[in-house]
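Going in written order, the chains are labelled A, B, C and D, and every chain counts its residues from 1.
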Amino acid sequence: MSSPIEQRKAEHLELCIQGEVDYREITAGFEKYRFRHCALPELDFAEIDLGVEFLGWRLAAPLLISSMTGGTPQAGEINRRLARVAQQKGIAMGVGSQRVLLEHPEVATTFAIRQEAPTIPLLANLGAVQLNYGCGVQDCQKIIDLLEANALILHLNPLQEAVQSGGDRNFKGLLTKIGVLCRALPVPVIVKEVGNGISADVARQLVDVGVAAIDVAGAGGTSWAKVEAARAQDTRQQYLGDAFAEWGIPTAQCLEQIHTALPNTPLIASGGLKNGIDVAKALALGASLAGLARPFLQAAHQSEETLAQRIDFILEELKTVLFCTGSATPQALYQRRYLERF
Amino acid sequence: MSSPIEQRKAEHLELCIQGEVDYREITAGFEKYRFRHCALPELDFAEIDLGVEFLGWRLAAPLLISSMTGGTPQAGEINRRLARVAQQKGIAMGVGSQRVLLEHPEVATTFAIRQEAPTIPLLANLGAVQLNYGCGVQDCQKIIDLLEANALILHLNPLQEAVQSGGDRNFKGLLTKIGVLCRALPVPVIVKEVGNGISADVARQLVDVGVAAIDVAGAGGTSWAKVEAARAQDTRQQYLGDAFAEWGIPTAQCLEQIHTALPNTPLIASGGLKNGIDVAKALALGASLAGLARPFLQAAHQSEETLAQRIDFILEELKTVLFCTGSATPQALYQRRYLERF
Amino acid sequence: MSSPIEQRKAEHLELCIQGEVDYREITAGFEKYRFRHCALPELDFAEIDLGVEFLGWRLAAPLLISSMTGGTPQAGEINRRLARVAQQKGIAMGVGSQRVLLEHPEVATTFAIRQEAPTIPLLANLGAVQLNYGCGVQDCQKIIDLLEANALILHLNPLQEAVQSGGDRNFKGLLTKIGVLCRALPVPVIVKEVGNGISADVARQLVDVGVAAIDVAGAGGTSWAKVEAARAQDTRQQYLGDAFAEWGIPTAQCLEQIHTALPNTPLIASGGLKNGIDVAKALALGASLAGLARPFLQAAHQSEETLAQRIDFILEELKTVLFCTGSATPQALYQRRYLERF
Amino acid sequence: MSSPIEQRKAEHLELCIQGEVDYREITAGFEKYRFRHCALPELDFAEIDLGVEFLGWRLAAPLLISSMTGGTPQAGEINRRLARVAQQKGIAMGVGSQRVLLEHPEVATTFAIRQEAPTIPLLANLGAVQLNYGCGVQDCQKIIDLLEANALILHLNPLQEAVQSGGDRNFKGLLTKIGVLCRALPVPVIVKEVGNGISADVARQLVDVGVAAIDVAGAGGTSWAKVEAARAQDTRQQYLGDAFAEWGIPTAQCLEQIHTALPNTPLIASGGLKNGIDVAKALALGASLAGLARPFLQAAHQSEETLAQRIDFILEELKTVLFCTGSATPQALYQRRYLERF
């Protein structure tokens, strides 16, 4: 009844909710940094404002629910919960790859979240490699329209495709096609990985062809090689997934290196962020937004209240970091340079 | 019967006596240093003298019983034991925050220790943030007088206040008010943290407005975020306390950085010191006095004899370090530069 | 019935198949390196070609089944399995020391693998120290002819000989004799260790007298001191083997140092390589071929299919590294310098 | 019946034979070094000669049985076993402190080992601090004569004396008195610690007044603070011994620093050496002799054969290091600079 692609989506959700699919040896790298405590902040905690601008949008806090799901009934329910809480908190939200929509327009409702989240930025999503497998500008426009999205995220996932038996592995000529999209589409194009990280070289190439922002989606959180190993049907995929379970550039390292190379490019930090202190460190390293995927999925799977509280705690932690470093705004975290590597 | 503030004090005592409230990941940092052994000290151990001067006072040894308690009957008994032993050993002693006195003058006897300790320096104590919540110069004068104190200690505790649900979190404009106090009071003003440490920047600001000495009260010993998490009544305080349990600047790092920036400022080392070797390392890093809180509380809770013996052992260890580094006086520990980082 | 040398060979096989004879403290060193992930490889995985040239031979992949065995019936069976799979995969293969042949020509069939592997490079093998114990150019020619070998590998094993009670320990004057061989023989001479590694100094001496390629055979995989300890008949050999169980230069360090000193010398990496990611790192560090011994022995002991699959997975891993670093060929791994030490 | 000093000696022996009295956190430091393996040593193992000269004496190997015992019947038996094996192996031997002899001449037989060891260097021993407690040149001459010693070792042990309740702690003016001894005595004077190490500063002072050689006796092996804690009769000694259990300069660090400062001073390495590889590393770091105490005591306590075998294995290990680094003599270990810090 369900198509292979829907089957895959369902397994991904299941494994990411229950499974042990995080990196074990590689960490996102935030534990190597420590904020210098400011004993005399000269601030009123009550006046601290987490509001930020990103790509022209106004957000109540520098937070993003990262691209995850869609395409199955369970995914639809998750998406609606995520959307309602994102709207309530005034933060941005992405959906999972919408490629399934192009083949199965009947699953459109599982992505139909604009009514739940009328005013926040919603981000469409597609695997960049699909540009080599029949997707064109009009397909992209279609998924943007369907979501009433404020931007399109293209994800790069060469390792995931290499591990998946039968994955789409022709990554030739993608850069040019991404450039074409950037010029043709009426919304900004953001490019992200899915957990193996983007290097400064790749970031520079992308920005040069017109990409508006980079989401590093680095190593240290969800390991997609592990997910694919866990759901493998053949020994090849299992063996290869395990072998590459710890492959990738740690999130903090991506941030440092891209921000040094491209100080003016808007950056999203994701991959292995766990709490508001990690969010604060990501901002201090040059990110403008911080995204979490699996932690929010697990909370939303419980209930909307669990998710709302999880976000509240993250924002309270972020505020506490601002207070205890004497930073009045998220931007000040970066400007004050109170983060020390040790 | 007991006010919220007395209730809080009682819980703090209980948790600090019994609980697991020390830092686990962050250490005070003294284990990174080792004294170079001197096999030929050319000293007579019997002639080594631990006596020091601090802010014009003469002490039998460079030791301080750090600010802890008052306000409840148990606190009163602890304070008297601490005072009697401090007097017997000729070392300095601080009391806990005296703010409670301003609202509940009836608890004054729990701080009344001058009769037990007629000749040693006694140090009054108040949270600096109270200067934003109604405390003025005259209140400070009142608590000094009540204790017949030789100095006033103001503590800075932004993290503790942020974690405590309902904490006092307006830290705006405190620096100016501290400056006013320094000029108005007849005794020196010392500023300390409560276990998250003071940075060189903050120390410099404080010294610039007239503060006489800095007690770094760094990370690595008692973690107040942990204490507040352990006694939390709501999930917010519990969650936040746990998240910030390992926040702060390690004690040894505070000493190094402040002493480098302000070589002439009298420094007190506290936060996670455990024995006389730690005391010796603190002195070698530029401190003039070394303070311990929780270890002395636990000993005093047992008995006066336990406390006296604990102090004796600390001083014997300190003397042994002096002997085995060829240092005739505490000052020589600093001058000989026999401490090596490794 | 079996000679001491055959007895020894049998014990070596047994211990290397079943025993715990790997280094424990020293690693081959590859875990200190990480490839920089390339999210946008601009390659078609399907077009990646692992083919390489080495000493004029064309191989389907930069892989070698390292010198191991011969001389007993079990060894003969292992050799034939290794040969058939090597032929099937188009990779190179070495045999174990052929010294036994010179004393016991009747075991020749255990080395007779050319019919199983008609077109791949086969490598003859002899302990270099035997040049001091009666072996001359003609003996070498004899073992080459018998194998129809494409090259002769001489192994250096001073530690193994020192540990073995009754080992051949006169290593004087070997360099000159190796030089004589290089000039006299019609095939290239390769020199390797057996798991303790070759230093840059020794490599340079060898290349200067005419050696065509160096196989570092470094520390981190099979520890021959451990093997000899495990099969010791006297306390001296047992004690000494254990004492030197962790002696040697880690494989990655050998590669770096020799490749820096002798950038044009063809290098084989062996000693402790476990999978295709290690193979890729070895190539990135300057090796032209990667050799594995014990892992292939254990697989071949199971069955030919197990061995074939093990090799398939290694090559698939290697291809995945090429893909995820944007490298179209094995050589590009080295040229792109995408390996980072951390 | 037995004097306090004899009682103490007996307890020391007992604890060092059975007890857990080694350093746990501090190591001698040799594990931070690794020899570069030489695959082509161009040596005949059979021709390697371990013979060395030290202070004009010819030894069969650069080994010393360090100063340990005397004064009780058990100690006498141990001393005779040590002496017979030292003679058999042609290495040097020290005895324990002979101070007891000055007060109890009747125990002289426990030190009377010259008949067991007619031709090797025997080293007399006295605590340097005794020069402040009544011992003069003539006493030193007496203990030298009694042993027919080839040199006098003075040991410096300020920590041990400080920990021992009732220890001799006046270390004033010792340097001058040591200088007087050096000029007055007909044999060379060697100075050593007892396991806390000698710094470069102290070594230089000693050499300047005429000391012939330094035995670093560094931290990492037997911890005398631990020994004294284990046999403590009062809480002070127990507490202090435990607090200083990990005090001292690691043996390898002493060697490096003294050898850099005083490249021409003959050095003995002791403190925590365990086997012939440690001995080799000590020689490579600039020592001329290597001493072991507790390991030899434990072997001798078993039997003379155990001790003889232990020494044989150490020498065989040392030879194997020489062989596998291409070093023909112990001196070459130092000259070839094949030791790498990592």
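FYI, a contact is a pair of C-beta atoms (placed from the backbone, for glycine too) under 8 Å apart; a residue touches a chain by one contact, two chains touch by 3 or more.
The structure presented is a predicted model; accordingly, all values stated were derived computationally and were not measured.
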>> How big is the rotation, 0 to 180°, that puts the C-alpha atoms of subunit A on those of subunit C, in steps of 5?
In response: 90
> Does the subunit C and subunit D pair touch with the same residues on each side or with different residues, judged by whether over half of the numbers are shared?
Replying inline: different
> Centre to centre, by mean C-alpha position, how many angstrom separate subunit C and subunit D?
Replying inline: 45
> subunit A to subunit D: how many Å between their CA centres?
Replying inline: 64
>> At least two partner chains per residue is the criterion; list those residues in subunit A.
In response: none
> What topology does the chain contact graph adopt: line, ring, star, complete, or other?
Replying inline: ring
> Who touches whom among the chains?
Replying inline: A-B, A-C, B-D, C-D
> Along subunit C, where are the residues that touch subunit D in the complex?
Replying inline: 128, 156-159, 161-163, 169-175, 193, 196-199, 201-202, 205-206, 219, 235-236, 239-240, 243-244, 247-249
> Touching subunit A in the complex: which residues of subunit C?
Replying inline: 35-46, 275-277, 309, 312-313, 316-317, 319-320, 323-324
